[in-house]
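All remarks here apply to the structure that follows.
Labels A, B, C and D are assigned to the chains in the order they are written; within every chain, residues are numbered from 1.
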Amino acid sequence: MGFLDIDNATKSYGAVEVLHKVDISVQEGEFLVLVGPSGCGKSTLLNMIAGLEEITSGEIRIKDQVMNGVHPSNRNIAMVFQSYALYPNMTVGQNITFGLEMHGVPKPEREKAMAEVAKLLQIEQLLDRKPGQLSGGQRQRVAMGRALVRNPDVFLFDEPLSNLDAKLRVDMRTEIKKLHQNLGTTIVYVTHDQIEAMTLSSRIAVMNGGYVQQLGTPQEIYDTPANIFVATFMGSPAMNVVPAKVVVLNGRPHAEVAVHDGSMTQLPFSQDNLAAWDGREILLGIRPETITDMDGADRKSSNIAQMGNRIVVTEPAGSDTFVSMQLGGRDVIARMRSDAEVAPGQDFTFAVNMEKAVAFDPESEMRITP
Amino acid sequence: MRNLLKTKSLIVAGLLATTSLAQAEEVEVLHWWTSGGEAAALNVLKDDLSGQGIGWTDMPVAGGGGEQAMTVLRARVTAGNAPTAVQALGFDILDWANQGALADLNEVAAKEGWDDVVPDALKAFAKSDGKWVAAPVNVHSTNWVWANKAVLDANGIAQPTNWDEFVSAVETLKAAGVTPIAHGGQAWQDATVFDAIAMSTLGPDGYKAAFIDLDEDTLGGDAMKEAFDRMAFVRDNVDENFSGRDWNLATAMVINGEAGFQMMGDWAKGEFLNAGKVPGQDFLCFRFPGTQDQVTFNADQFMMFDQGGSVSAEQAALASAILSPSFQIAFNKVKGSVPARTDVDGSDLDACGQQGMKDLAAAASSGNLFGSMAHGHAAPASVKNAIYDVVTAHFNGEYDSETAVTELVDAVSIAK
Amino acid sequence: MASSADADFKTRLQNWIPKLVLSPSLAMMLVFVYGFILFSVYLSFTDSRILPTYGWVGWENYDKLWRLSHWEISLKNMGIFAGLYIVICTCIGLGLAIFLDQKIRGEGLLRPIYLYPMALSFIVTGTAWKWFLDPGIGLENVMQTWGWTSFEFDWIKNRDFAIYTVVLAAVWQTSGFVMAMFLAGLRGIDNEILRAAQMDGASNWNLYRRIIIPQLRPAFLSAFVILSHLAIKTFDLVIALTGGGPGRATELPATFMYSYTFTRNQMGIGAASATIMLMTIAAIMIPYLYAELREKR
Amino acid sequence: MSQASQDTAIRTGRVTRTLIYLVLLLFGLFYLLPLYVMLVNSVKPLEEITGGGMMNLPQVFTLEPWLKAWSSAQIGVDPTGLKPYFWNSIKMVVPAVIVSTILGALNGYVLTKWRFKYDTILFGLMLFACFIPFQIVLIPMARMLGLMGLAGTTWGLALVHVVYGIGFTTLYFRNYYAVFPTELIRAAQIDGAGFFQIFWRILLPSSGPIAVVSIIWQFTNIWNDFLFGASFADANSQPMTVALNNLVQSSTGVKEYNVHFAGAILAAMPTLLVYIVAGRYFVRGLMAGSVKG
């Protein structure tokens, strides 16, 4: 039993089922991120945890207490909304203490709690202002303050950073992470931004079409995506997925892929079990950063394959240079060091870290697991 | 909804049981007499009652010659909150009596001998099934012509006594550049003129057959067509600006000498008197040419709403005060009408008023007293308004006399 | 599983309170509006005259109604009146709103002037209008005394034109209100879009025709609802201005219904005309409401 | 919602601007005309009016008609003027406006923030009710008031106005609340606020503009109503419009037009004041919701 258990939770609107038997167990102090494209059901799930939407079937438990039908305010949760949802007619201070007031906390205690939170978030000087007079970042802090002051069992965040500009978003991300590390609270966080998901979470649930596609640590999700959706959704640029054929050469399974001129190149797999797929079509997944020049190849890897291919476009991006090429009839991106000597039209020898390569069943789109 | 319908069907029964809000010692009077003179006249009544220790709650609702008040009355009665006494005209009284809503005043009537002093034609509206249900206040007669004497004299016109004389008088005025007839183009005013013309064209029997018995042959007959033709003549001799004009503004035209004649009920006299004119000297009042012997009337009455099976003491007091000779004279002096009882001394009234009383008594005894169609004393409201529609449409040139006659027959048959 | 059976008290309360809060309004609607409508429809099949009575007469009242030329006139007038009134009010309202939106100095003064007629009932302004329109003392007379002797304006006395004076007075009363609605709509439009369109070289005319007016659709719809409701209910105005005359030239269904129900003591026919009026309103409004409300879902 | 930033970015030439001002002024005159007629004639002695020239400025200026209309004109048997009826109107209008606005606000709140099955149909029913011609409800309403024991009372009259005003107030508030962020409601729910606390603490403080629209609309409609006032009031609760009607529509006798006009303006004074004082908020309120979608 976890701290927060989502057990077979299903949600339907009329005949339409929008969330299918979701099972997630969150431990105390964990930072769970629900990530997925819009409409995947992640916000619905969050709202169900909050009690803002009814559960059609299944159970949600917090600290082993069944929460179905329990009023949001009685679940000891707090929520930070995308639009911050600050009450426009109240001052910052009133916004922060409104929840305590509603729970009948006496005024002196409220003031004390507010002062603590304001100090923690460095918004003491804002307490008498109205939300309309605040900047985006300040509103964000106030919204968090409102959640923190309740000292809840679980924090719920609904895309809290998506209304901020890029720089502020990174700052606030760090701040949220710090807060989590300092306070050790349990957090469920919804976002459509996979970088936020990766950086913040202790575990990620990738969702699509009302299903949890994969639940795991960021590393698991990144390295061993359960299926093509997870593989392409997580990571930027996305994982390259190209059609390939398994051939067994010297007793070792290889991926046979067409390069720019249609000639075939063979890349050796690290997973022996793929030998069973000999002669069959698969989809080969390669992360951009695992395709490099020979000098930039991962020294710790035991399986660096060489691949000759022609460079189509190069995009220097400061820290990295992105290089695109044709592989298996698709555009494939490689991520190289910025000092790699590459030029468009050049025939180049790439190093592919096949230790990190994954193979998918083209029928089910599931990863072929060892 | 079913329940609502059910309760509604018990409305009249409910009426009998529920009583008015007016407390004992109080009468609540719904009326539309809100002008200064009328109110002064009502105050006579009010003072009379307060002398007897009875309070007066005033509920005035003006508009449309009582139409507005009748709407209000219906709402009040439906709500079970009927006023004690209500000003009413002609068929409205009988309609309410038929609903069983009115109190029986026979006791007062017998004590004060109303039967002997009120003309029969009037009793037809004050009594229902042999019971007195309303107390008549006055009798207005509607077939009057008002004329500016100076204008007539200047053009050498004598008081016309038949239609042809009237026609030649009108044409003389027209030739002299004076508007011959002052008229206000409102349905009821058109009908008032039509009333008088029909009486003179059809004669008393024809009038009765057409407007009281609603006989289709008379309504559609040649005489009726002739009456419409005469209306067209009147139409040709009013000024261009007549439409929608209030009657008192038309009267003002006669007073100011802009126009020669106005056909209007006796209430027009007040305008002349208010302007400081003297009957016989400055203005003339005479019956519409060809109706010298007849009187078409309408009478204001107060009907008493039933207060739990019998007439209350206050209602009896009010009714008897209304019929008292002193009130009858005092009231009618201001109102321009004549008393509803024929036995009072009219010497206090002016010349026109005295003539009116004389005419009334004569017409009543010779059977020449008829309820006015235009004022709802000949036929029920539905028929009256149906006739209005045709008269007004014809008067405004919508169709010719031939069509008007067929339309009239049709309209009356739908409304009956 | 998650039925209200195992919900806590607060949640259950929360499921009930909204409906509880709505219920008085709903009950009032059902009784005082829909109950009364049913009652009125029922009356139209009875022999009611002075007060409701319950003798069933079938379609007789409807039969009589359609034989009345008077009713036909009032329907025809309604068509003319409602059509002109809605179109003219919308045009004037939109025009004034656009003009007033050009950073006009004195807007603060003009706006209440345009708006105030809505505050007055025709019991108040009826006489003033009647005088103003009366050729003998009103505009025509004034123009003629000022030297424009050929000036004629006698519509109110003219059977064929009187209905237009009713339109005129009605437009006077509500066009300012419509102006306010459009002005609000104009002020709600994002200036960025306008600037972008100006960059694209759109003339002012095209800017309004192609960009701004299409964006005012909600305001047009609101104006349509308000105006059609006012058109149908127009009653005081006719009574105060023309009394339905000259002749029956300005009779409208509302005045027809009132007159048959209350002054002519033919409640059955009055109810029949009310029923037809309601059905007409329903035929216009229900598709509109349906489209409007479904869109928002 | 600052006014300046809301003006359009349209630029116009000098000639066009002159034309625009001209048109705006002409319409201003058109709207003012009846008021001018009433004002001018309310301060003339009666002879000057009946002498013709309704557009002329008064030769003799007098406030007599105003005083008379207010305190001594004949309304019924008593020369009370309009004064007592003014208070009757106030006693009816104030509760009716308050109650119908509050109900409209609550309905709008429920219909947008506490959606349930068939709520749109319910709203449609309420909206359609705005279109019912008042003449047909007169008789059944009278009966209902009688059954409820409210016949002839100010409360009964207020009830009638509430009933037939709810459709509009609900429409206004619903459209306004539809664009009010639902997240705020959710946040408040999590904070532990109940249905009424959310309404009272969160929604209502932000409802100023639309409340102004609703109040203006209701106030003018109820104040100006004649039909209900005449039918459902008794002697002690007749509103101003009924008294004005009694003053203006008296059947016989001299028509004192100057007093009538003065009375008419007196009767219209509160609504005029409301429009002039709250007019600017009115456009703002319309802007804030009622014309959107």
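To be clear about the criterion, a residue touches a chain if its C-beta (ideal position, glycine included) is under 8 Å from a C-beta of that chain, and two chains touch if they have at least 3 such contacts.
Note that the structure is a prediction, hence the values are computed from the model and not measured.
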{"item": "Each chain counted as touching subunit C and subunit D at once", "value": "A, B"}
{"item": "Mutual neighbours - chains that touch subunit B and subunit D alike", "value": "C"}
{"item": "Chain pair whose interface holds the most contacting C-beta pairs", "value": "C-D"}
{"item": "Between subunit B and subunit C, centroid-to-centroid distance (C-alpha), Å", "value": "37"}
{"item": "Centre-to-centre distance between subunit D and subunit A (centres being mean Cα positions), rounded to whole Å", "value": "56"}
{"item": "Geometric centre distance via CA averages, subunit B-subunit A, whole Å", "value": "91"}
{"item": "Residues within subunit D bordering two or more other chains", "value": "138-141, 144, 245, 248"}
{"item": "Multi-chain contact sites of subunit A, meaning residues that touch two or more partners", "value": "51, 71, 73-74"}
{"item": "In subunit B, residues with contacts to at least two other chains", "value": "4, 8, 11, 64, 71, 74, 78"}
{"item": "Pairwise chain contacts under the document criterion", "value": "A-C, A-D, B-C, B-D, C-D"}
{"item": "Subunit D partner contacts - residues on subunit A that touch it in the complex", "value": "47, 50-52, 71-74, 77-79, 81-83, 85-90, 98-99, 102-103, 146, 150"}
{"item": "Contacting residues of subunit D [partner subunit A, same complex]", "value": "181, 183-184, 186-193, 197, 201-202, 205-206"}
{"item": "Residue ranges of subunit B touching subunit C (in the complex, touch as defined)", "value": "1, 4-5, 8-9, 11-12, 64, 67, 70-71, 74, 77-78, 95-96, 99, 185-187, 240-244, 380-382, 384-386, 389, 392-393, 395-398, 407, 410-411, 414-415"}
{"item": "For the subunit A and subunit C complex, residues of the former touching the latter", "value": "51, 54-59, 66, 68-71, 73-74"}
{"item": "Residues of subunit B defined as touching subunit D within the complex", "value": "4, 7-8, 11, 18, 21, 28, 31-39, 42-43, 46, 56-66, 68, 71-72, 74-76, 78-81, 246, 248, 252, 267, 270-271, 274, 335-336"}
